[in-house]
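See the structures that follow.
After this come two complexes, each holding subunit A, first together with subunit B and then together with subunit C.
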Partner chain A sequence: MDLVFALALNGIVWGLIIALIALGLSIIFGLLDIINIAHGDFFMVGTVLAWTVLQTTGNYWLAFLLVPIIGFGLGLLINHAVIQPIKNAAALSIVATFGLSIILQESVRATYGAAPNRLVAPIQETLLLFGIQYEVYRIFAAAIAIFAICVFFGFLHKTKLGTWMRAVRFDPEIATAMGIPAHRIYMVTFGIGFAMAALGGVVAAPITTVDFQGGIDILPFCFMAVIIGGLGNLEGTVAAAVLLAFVEGIITSFTDPTIARIGSLIFMSAVLIVRPHGIFVGATR
Partner chain B sequence: MKSRKKTEIQEVIQDNSRRSFLKKTLTGGAIASAASLGLMRDVFAKESGPIVIGHHAELTGGFSSWGYWHDKCAQAAVKVINEGGGIAGRKVVLETEDTESNPAIGARKLRSLIQRRKASFVVGSVHSGIMLASIPVATELKTPYFSAGEATEATGSKGTRYSFRTGTDTYALAAAGAPWAVENLGKNWTMIFPDYAWGHSHHAEHKKLIESMGGTVNDPIAVPLGTKDLVPYLSKIPEQTEVLFSVFFGALSVAFYSQSKSMRLDEKMKMYSVSGTIEAIDPRDIDGAAEGVFFLENFPRPLEYKDDEYHKRFIEMMNIDSVHAEEIGSDRIMAKSHAWQSYENFFALKAAIEMSGWQRDSDTPGVIEALEGLEMQNSLAHPQGSKLLRAEDHSGMIDCFISKVEDSKFVVKKRIPRDEMIAKLPPRYDFRKMSL
Partner chain C sequence: MTMIELRDLNAHYGKVHVLQGVNLHVGHGESVALLGRNGVGKTTTLKAIMGLVRPTGGSVFFDGREISKLRPYQIPRAGVGYVPQGRGIFPMLSVEDNLFVGLSKRPPQDIIDYIFDRFPRLRERLKQSGGTLSGGEQQMLAIARCLVMQPKLIILDEPTEGIMPILVKEIRREIDAVRKTGVSILLVEQNIKTALSLCSRVYLMEKGLIAHEASSTDLEKDSDTLHRFLGVDV
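Then we have the complex of A and B:
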């Protein structure tokens, strides 16, 4: 029974980290109709930047502040160079972001190197939790993810810029007619999407590794959360990421983790067939 | 009458030109088709001029941290050979193709290497998937292919007369390390590995040996490729485990050591692995996560455990330090336990080409026969040490080393000499029965 609790807890922790990353993917799709194949690489860039900040300053905590800011800047740049020229063309967005993904990976490989690195967690202690030694840092990482998600929703619902973002998501033409600078909103949204993935990278780097291909494997899970939560439905994305990881954790305690992942994929397929707009009510943008 | 004759003559001329046109077209077409099928290689092959040797390497993609060293080794080998007068007096031209660490692309690039860039021999991939996708291509094009990956099938069930490997496979690694590990580390084993052929092959080979020595092997834990969070897998390791045998590579390997260390598994059990798990990774860069782990290696990282002039010279050529195998002027760590093959295989080919008197591609069967059973002596050509390329299964019989990471340095605990390896590894296949 201990193992069930341990893996369920670990599922929630991991799900929250994924939710933070998937949220960026969801807002980019929700506002810009961009299917961002490079989103996993934004996460990877976050891990590499975190490693660089630690190597340069010796202070990992600084990465929590600096990396999302750098990520936001990179997001603005990429939006201008890659996304704006193909706006509103979903098929082109897949090709363009796939190319972007290769460029980001190979740029990191050429500069940072191809060998993976370990980033030591700033909190080294472990707790004996439900029979396993559990890293305290993971609990801290989950707390950071919850905090970042709350800040994001607060920003979206309580600030003028957030209200504009929601307005442009709802109807870009009317929003523009009302004097909202839609073009700038697109830029800011893409920047925020990158920043959230990069922050996810900072949070997850001590748990996973720092590697130029580190974003490839995180992307499918993010897409699963976005699809199950409802394309562009931000609250649904967060709920789906946590739910998926939590259920996978519980199934894993009884059977093979691979079977648990197969279960998730079957669940996603069922959602696509039965509720193509996601399992959450009103799950459209 | 005159005009009728003229018309007949014109018809004959026209007929002749039509026939001649058709004949020329058909002949040209046949030549072009034959050339594109590679059938004309022998006709155009020259008896003098440079010998083209292909290198099929992972310059980009997931294996590029290894591929960099394989490429460096290949270039060094060709430089040494050419400075020494080439092969049978002919200059060697190195043609390199990047497999992009992808089996489908790798197979396509191999075709290009042989058919377009005219490589007569290929020193091949260290990626098991690419190696297995490439062997059928090399066999179809009748080109000897040296691979450096560890999946046993390359010199086993999927091997052919054209596939060779001077390094070890999972069969050899199990035979070299498992007896020592059972005796010195413990009898109750759990194996954790990536969920694909390489990992399963290690499990199957080790399980047989451990159980034959009276050990117990718990249910294996196969981790899907690309897994980020290993806690669900690590939490399944049985309490009674004495030896945790792990086989990973690259990022998954670093994640495994980091997360198992965080869960303090290293305090409860002995950790044992193979060199592929730590290849191109510096234990200093992963902040003690590999501390205390035992590794089976093909070539010790520090010079002191094979302290001879050839090893020293090889280290100089690679421009690495003599303790951590770190490239001078960069922070790259040499993938030393595998990359040496991309250096030594050129010299194995040189020996076989010169022994067989190879002149052109139609003479290649002679090279294969010369490679079968080739003895290589410890020398600048073979700095890893003396070895035998066994005639039956085209497998290299080499010295192996069991090292332990102590203070982030590899300390050799046991050397397994090649004669012992030969005794432990009876050949399971005889490719000489296959026609050339």
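Then we have the complex of A and C:
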């Protein structure tokens, strides 16, 4: 029973981290109509950068500040070089971001090597939680993910830039005719998407491995969260990510993770049959 | 003095040559209507002015400056207000967010007071989402959203389309009030009576070209021309 509880708790923590990453995927899809196959690699770059910050400075906490900023910058660069030239061509976006995914993975392999690295969590303590010793860092990771998600929604609903993002997302032509620089909004959105995935990487690095293929497993999970949550529904994406990871956590305690993932895929298929537009229909208002 | 001038404006949708050399002008403080049957290129002309359809030839001069080379988002900032067909309200944004969406900061208080004096219903519904307003209220919001940017010219694309008749009068009155403040107006309107009552001069479009120009008073009496270009009597 303790194992079930621990894995369920791990599922929730992991779900919140996935929610943070999937939100980036969702805003990029919602605003730019880009199906970003490289999004998992943005997470992977985040883990690698976090590892680099730790190796360079010896201070892991710095990574929480530096990596999202670097991720934002990389997002701006990639948007300019890869995304803008293929804007409004969803089919091309799959090919282009698939290519980008390979470039990012191979660049990391060429620079950091192929061997996976493990990071020691910056918080080593454990806590007695409902009869089990639970890592404090995982609770901290969940708190950081919740905080980042809240900041993101606050930004979206309470700032001018967030209002512009929502306006451009709804109707870029009218938004432009009102004086909103839509091309800059696209750029910033891609940057924010990368930064969120990179922050997810920093948060997750101590509880996963750091290697050039670290994003491969994340990507389908993020897509499942975005699809089950209802395409374009940001709150739905968060709820679906947590729900999926929680269910996978529970299933993993009875069987192996591959079966759990198959269970998630069956769950997604069932949702799409019953509710083709996802559980939480409609774009975020 | 000319507020806006279109010189030999051309535009294409793919291979379709929609605007085939449109020439028109609107003077300072003047109200001009652009009329024509469906599909002659009226909305495309307005979109070309706003940069939403890229002109493939010709130019647009606004207040002595060529705006057809500006980025589209710079055109409203240069002083060209646009009330699009179908109103273009963002339904998920609040009335307040819709109203100030084009501005990077809140406008001066006297502008806000002016807007709310003109459109008191908007003040009452400031926190409501734009999508919950009636068609007439959305049109008021679209006009108010345009006015907060203090434009020198307002382009209106069928402002009374789909509006309850009782509210059409109200919208007509508001446009007339804007006109009297000295703001230039370029109006596309299916309701000929509304267009002729609000504007002093009319351009009639046919097949992507300006085919006829007349004063409203002359056109009102010219049933042959109205029949030929619009298929209506006034």
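Keep this in mind: the second predicted complex is superposed on the first by the 261 of 285 C-alpha atoms of A that agree within 3 Å, B and C clash if a C-alpha of one lies under 4 Å from a C-alpha of the other, contacts with A are read in each partner's own complex, and residues count from 1 in each chain.
Note that in this section a contact is a pair of C-beta atoms (placed from the backbone, for glycine too) under 8 Å apart; a residue touches a chain by one contact, two chains touch by 3 or more.
As the structure is a computational prediction, the values presented were derived from the model and not from experiment.
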{"item": "Which superposed partner A:Glu173 touches (first subunit B, second subunit C, both, neither)", "value": "second"}
{"item": "Touching partner for A:Val120 - first (subunit B), second (subunit C), both, neither", "value": "first"}
{"item": "Touched partner set for A:Trp164, first subunit B, second subunit C, both or neither", "value": "second"}
{"item": "Touching partner for A:Leu66 - first (subunit B), second (subunit C), both, neither", "value": "neither"}
{"item": "Touched partner set for A:Gln213, first subunit B, second subunit C, both or neither", "value": "first"}
{"item": "Subunit B versus subunit C, judged by how many residues of subunit A each one touches", "value": "B"}
{"item": "Partner chain(s) touched by A:Leu3 [first = subunit B, second = subunit C, both, neither]", "value": "first"}
{"item": "Touching partner for A:Pro181 - first (subunit B), second (subunit C), both, neither", "value": "second"}
{"item": "Residue ranges of subunit A in contact with subunit C within the complex", "value": "160, 163-164, 166-167, 170-171, 173-183, 283-285"}
{"item": "Interface residues, subunit A side, partner subunit B - complex", "value": "3, 6-7, 10, 14, 106, 109, 113-118, 120-121, 126, 132-135, 204, 206-209, 211, 213-214, 216-218, 248-249, 252, 256-258, 260-261"}
{"item": "Subunit B residues touching subunit A - in the complex, by the definition given at the top", "value": "60-62, 64-65, 68, 195, 222-229, 231-233, 235-236, 250-251, 253-255, 257-259, 262-264, 280-282, 285-287, 289, 331-333"}
{"item": "Interfacial residue positions of subunit C with respect to subunit A in the complex", "value": "50-52, 71-77, 82, 84, 88, 90-93, 97, 101-104, 129, 145, 149"}
